[in-house]
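Paired with subunit B in one complex and with subunit C in the other, subunit A is shared by the two complexes that follow.
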Partner chain A sequence: MSYWISILTEACIFSIMALGLNVIWGWAGDFDLALYGYVALGVYLTIVMTTGPALSPTQYILGWHLPYVLAVLLAVVIVLPIAAIVGAVALRNLREIYFAITTLGVISVLYVIVQIYTPLFNGFNGIAGLVTPMAGPLHISYSNYAYFLLALCAVVLLIVVVVLQRLSSSPYGRAIRSIRDNEQAAAAFGRSVFRSKLTAYVLGAGLAALGGTLFAAYLGAFNPSAWAPQEILTLYAAVLVGGRGNVRGVVAGTFIVYIGFIELTRYLPNVGGNAEFGPSVRQILIGGLIVVMLKFRPQGIFPDRHGVPRSARRTQGTSGATGGGWRDRLPLLAGRASGGRPEQDVIS
Partner chain B sequence: MTDAALLEVRALTKTFGGVTAVDDCSFSVRAGTVVGLIGPNGAGKSTTIDLVSGFGRADRGSVRFDGEEVVNRAPHRISRLGLIRTFQAPREWGSLTVRDNVLLGMRAFGRESIVRNLFAARRVRREENADRLRAEEILEQFSLAHLRYDRAETLSGGQKRLVEFARVAAAEPRLVILDEPMGGVNPVLGERMSQAIKHFVTRGSTVVIVEHNMRFIEETCDEVVVMDLGHVIAQGHYSTLRDDERVVSAYLGSVDDG
Partner chain C sequence: MHQFLLYVGFGIVTAAVLSLSAVALTLEFAVSRVANLAHGELLTIGAYAAYEFLQWTNSVALAALGAALVGGIAGIAMNLGLIERFAGRPPIITLIATLGLSLMLQNILIIIFGAANLGYSINQGSPHHIGPFLLTDAEILVTLSALAVASALYLLLQRTKFGKALRAVSDNRELARVSGIPAQHVVTATWGIAGVIAGFAGFVLAETIGTFDPSLGFSYLLITLAAAVAGGLGRPYGTLVGALLVGLVLELAGAYSNSSYQLAFALGVLVLLLLFRPNGLLVSGRTVTRS
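Moving on, here comes the complex of A and B:
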């Protein structure tokens, strides 16, 4: 039972992160690789703002004793300008693979700094001590805490879904998708491409950080071996499976990928007594899933059908793309697949 | 020139590496007219309209739109003044529906703010409903009504051209620059495009057309600007320019060349 509680809690938290990715990549079309850095900052900042001063030999910044909720808000608020700076540099002139490489550079630098520079977040050893936040003031017993945390994550996810769903179907959702589809045409019709992309980037990073603050409550501790830049690929798989751009589809995709794959690989034996065997197989399966989805259903299980009213949906096929080879249909890196432009291609 | 010029290009120059694509180019477009911009391949027509619409940076020169200097301004800023351009190949927003493509042509940018969509959603919806009615009219006008919920990337080339024109109609621009609108268009559709262009003018737009189809230029344009090697070599009515020596030699190559 408690196993399922923790799996569902994780799926809710990862859904929030995947929705952040969906804003940046699904709506604005930018293949960002730095997103997990904003998640990590959210986790670290929450812990250092709630657990009090560092006790020697541990060392980290801030060391405040803030209530958890306040720390959550502050952590997100701190991440926003950081993402704005990264976005302002990376989105000015860079697109597609060049943007992806720049953001990969950003998270690699962040990862190394966090590891090496111990005064920041205690380096390799990481930080710990966030135990059952909000349990005290709310009089929640230790045995019930897991249920409380699941409810909290589910409520936050629900709020995020409602807000994003409203944006998705609004004129904002239309404008940001037009920039993804063809940014020169969008500029020719008066839309500020840079500003819109930057806004979406900061919004997505903020959601990633929000997911991180909940992740902090779930994990209680964090260190560089608990996260790595490549965690982002699982989020990409989730968005791709669910349906790029579709808010509810992305949540479904996250639940499918996380729960499905954890369950699938759960009963694998430890080959050669190696405990890493199961998780490694999981990574390989997720990689395979990305390839299979791109080839056979690039629009995802629940395709994004912005602007098509419910009444008109039944008459149309679910296919999000017609004609052309799969390479033309959904390049991972390109803003949008259309007309089979040969210079746009997936990572191969 | 009695009427005030809506667009005035003066001494515009642009060099790519060692090649001067646009060289001291000057012409003007009077309000309410249809002007053809013609010239052989490589004459600098496309570069000129890129510079005028902000899609390229000029090395020198001036572009005045309704008296305002706009050279080297960001394209979306120029667009918001009422200058809309199209591209040689239709650049539809492929994943969006035909109706959304038309709605995006309408220049209602305030409605696209995140804050307004979250906190003033009802007002946004009210404004949106009014524009949807207008979008329906435009869709009817361009015979696209039956395709309104189709994703634009699923349309044929000719239909994409119509979407492009419908989008421009929705924008109600003061000046529209059409970059080779007749490329890959059949004669029936071409006729509809001529009508659409006349319709733009009756709705108060001024039109600049870059085109190689001379019959279309002759039938549609009040005036023609001829470019060659980055310069404007002539400007005037088509019938007077047809026999102009410089124009003929630019197109056919001079007999003395050898």
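Moving on, here comes the complex of A and C:
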């Protein structure tokens, strides 16, 4: 039972991060590789702002004794300008692979600095000590804490989903998708490409950091081995499976990928006494899932249909120049409906 | 000044290793128009192949040859198994797929070889004074082999029919095809060549660093990208210049600060280049970069 509680809690937390990625990649179309760095900053900042001063030989910055909720808010607020700087540099002129390379660089450097510069977050050994935040003031017993945390994460996820859904069909939601699908055309219609993209980038990073602050409460401790730059791929797999751009689809995708993969690899034996076997198989499956989804169903299981006029939706499968997977009104039957293989969607 | 020149010497060695990796990456880009994020794994595969060959034959030359051979096979397999299957799709989609492949390959290597560090037991030889530089036998050999690869590549590209075909395919694959060039074969062969160079680069890289593990190539990817972008992605000669620049920056920055921050300097160079010279140092003009 407690096993399922913790799996569901993690799935809720990862859903929030995946929704952050969905704003940046699903809506704005920017292939960001630095996102997991904002998650990590959220986790680290929450821990250093709640657990008090560092005790030698451990060292880290801040070392405050703030209440958890305040630390959560502050952590997110600190991450926003960092993401704004990265976004402002990376989004000004760079697109596609050049944007991806730059963000890969950002997270690689952040990763190295956090590992090597110990006064920041205690280097490779990481930091620990956030135990059951909010349990004291709310009088929650230790045995009930797991349920409380699950409820907390689920509520936050629900709020995020509701807000994002409203945003998704708002003028901004439509504008950012139109920029994704055709930057020049959107600019010609008076959209500020740079500002819209930067807004999406900062919003996505904020959601990632928010997920990180909840992750901190769940984990209690954090070190660099928990956030290698490749961790972001699990989130990409989740967004891809769920349906890029579709808020509820992404949440479903995260639950499918996360719970499916944990369960699939849970009973794997340790072949040859290799403790890395289970986790490695999981990573191989995630990598494989990304490749297979991109190849055969890039629009995901629940394709996003927002931002496409009703008239266009009816002309299923006639011309394939636009993005987004809107052609598939009946997602899994789309191929048959248009009389053959589903056309490959152009996503860029 | 003396000290400075010493570091320049080390920088040249770093640049030599880097040039191998970056030239391979740029060749892949030239024919397939995709920045291959699984490029690092070609190096890692080469490093492990060399390790196996060294255990087996105890000969450094055969280890290098084995690394190149296995790297070449891996390069062709990567192209046929993944890149070609995404032909005609937006480059960014292929890019994500290569990152997924990178994750798969790294973990397959972990399962086969374990995550622990390995090292070759190769005699480095004693350091020699060459002009102002102080280099070991191994380092001299590394630098010479990189020069040899660069020269061979130059001859291949400029003096052979294949080189002409490669340049034509790189310029416009469709046009090359309708002109009667077997574009598909040229692309496959180019990936084979890139794999050979990358596999050898992996061996040389692991040998220069001393130890390696399955993340060897991925950790080196960013520096490789910096060098390739500095030279202009898809431009082999520019990439050699880019490798020299990034190699020198890395060694000098490492020498006059904490060497652990080399990667940060690589990023600094990369971002500046992307912002001001996105098409490479040798091409003038500042354009919005799209792929």
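The working rule: the second predicted complex is superposed on the first by the 306 of 348 C-alpha atoms of A that agree within 3 Å, B and C clash if a C-alpha of one lies under 4 Å from a C-alpha of the other, contacts with A are read in each partner's own complex, and residues count from 1 in each chain.
The criterion applied here is as follows: a contact is a pair of C-beta atoms (placed from the backbone, for glycine too) under 8 Å apart; a residue touches a chain by one contact, two chains touch by 3 or more.
Quick caveat: nothing in here was measured; it's all calculated off a predicted structure.
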Which of subunit B and subunit C A:A100 touches, first, second, both or neither: second
Which of subunit B and subunit C A:Y267 touches, first, second, both or neither: neither
Which superposed partner A:I290 touches (first subunit B, second subunit C, both, neither): second
First (subunit B), second (subunit C), both or neither touched by A:R191: first
First, second, both or neither for A:D304, with subunit B first and subunit C second: first
Which of subunit B and subunit C A:A175 touches, first, second, both or neither: first
In the complex with subunit A, residue positions of subunit B that touch it: 53-55, 74-76, 79-80, 84-87, 89, 91-97, 99-100, 103-105, 107-109, 111-114, 117-118, 121, 124, 128, 149-151, 153-154, 167, 171
Of subunit A, residues touching subunit B in the complex: 163, 166-167, 170-172, 174-175, 177-178, 180-182, 184-193, 199, 203, 245, 304, 306-309, 312, 316, 320-322, 336-339
Subunit A to subunit C touching residues, read off their complex: 31, 33, 89, 92-98, 100-102, 104-106, 108-109, 112-113, 116, 230, 233, 236, 271, 274, 276-277, 279-281, 283-284, 286-291, 294-295, 298, 344, 346-348
Residues of subunit C touching subunit A in the complex: 34-35, 37, 82, 85-86, 89-93, 95-97, 99-104, 106-108, 110-111, 114-115, 218, 221-222, 225-226, 229, 258, 260-261, 263-264, 266-267, 270-271, 274-275, 278, 288-291
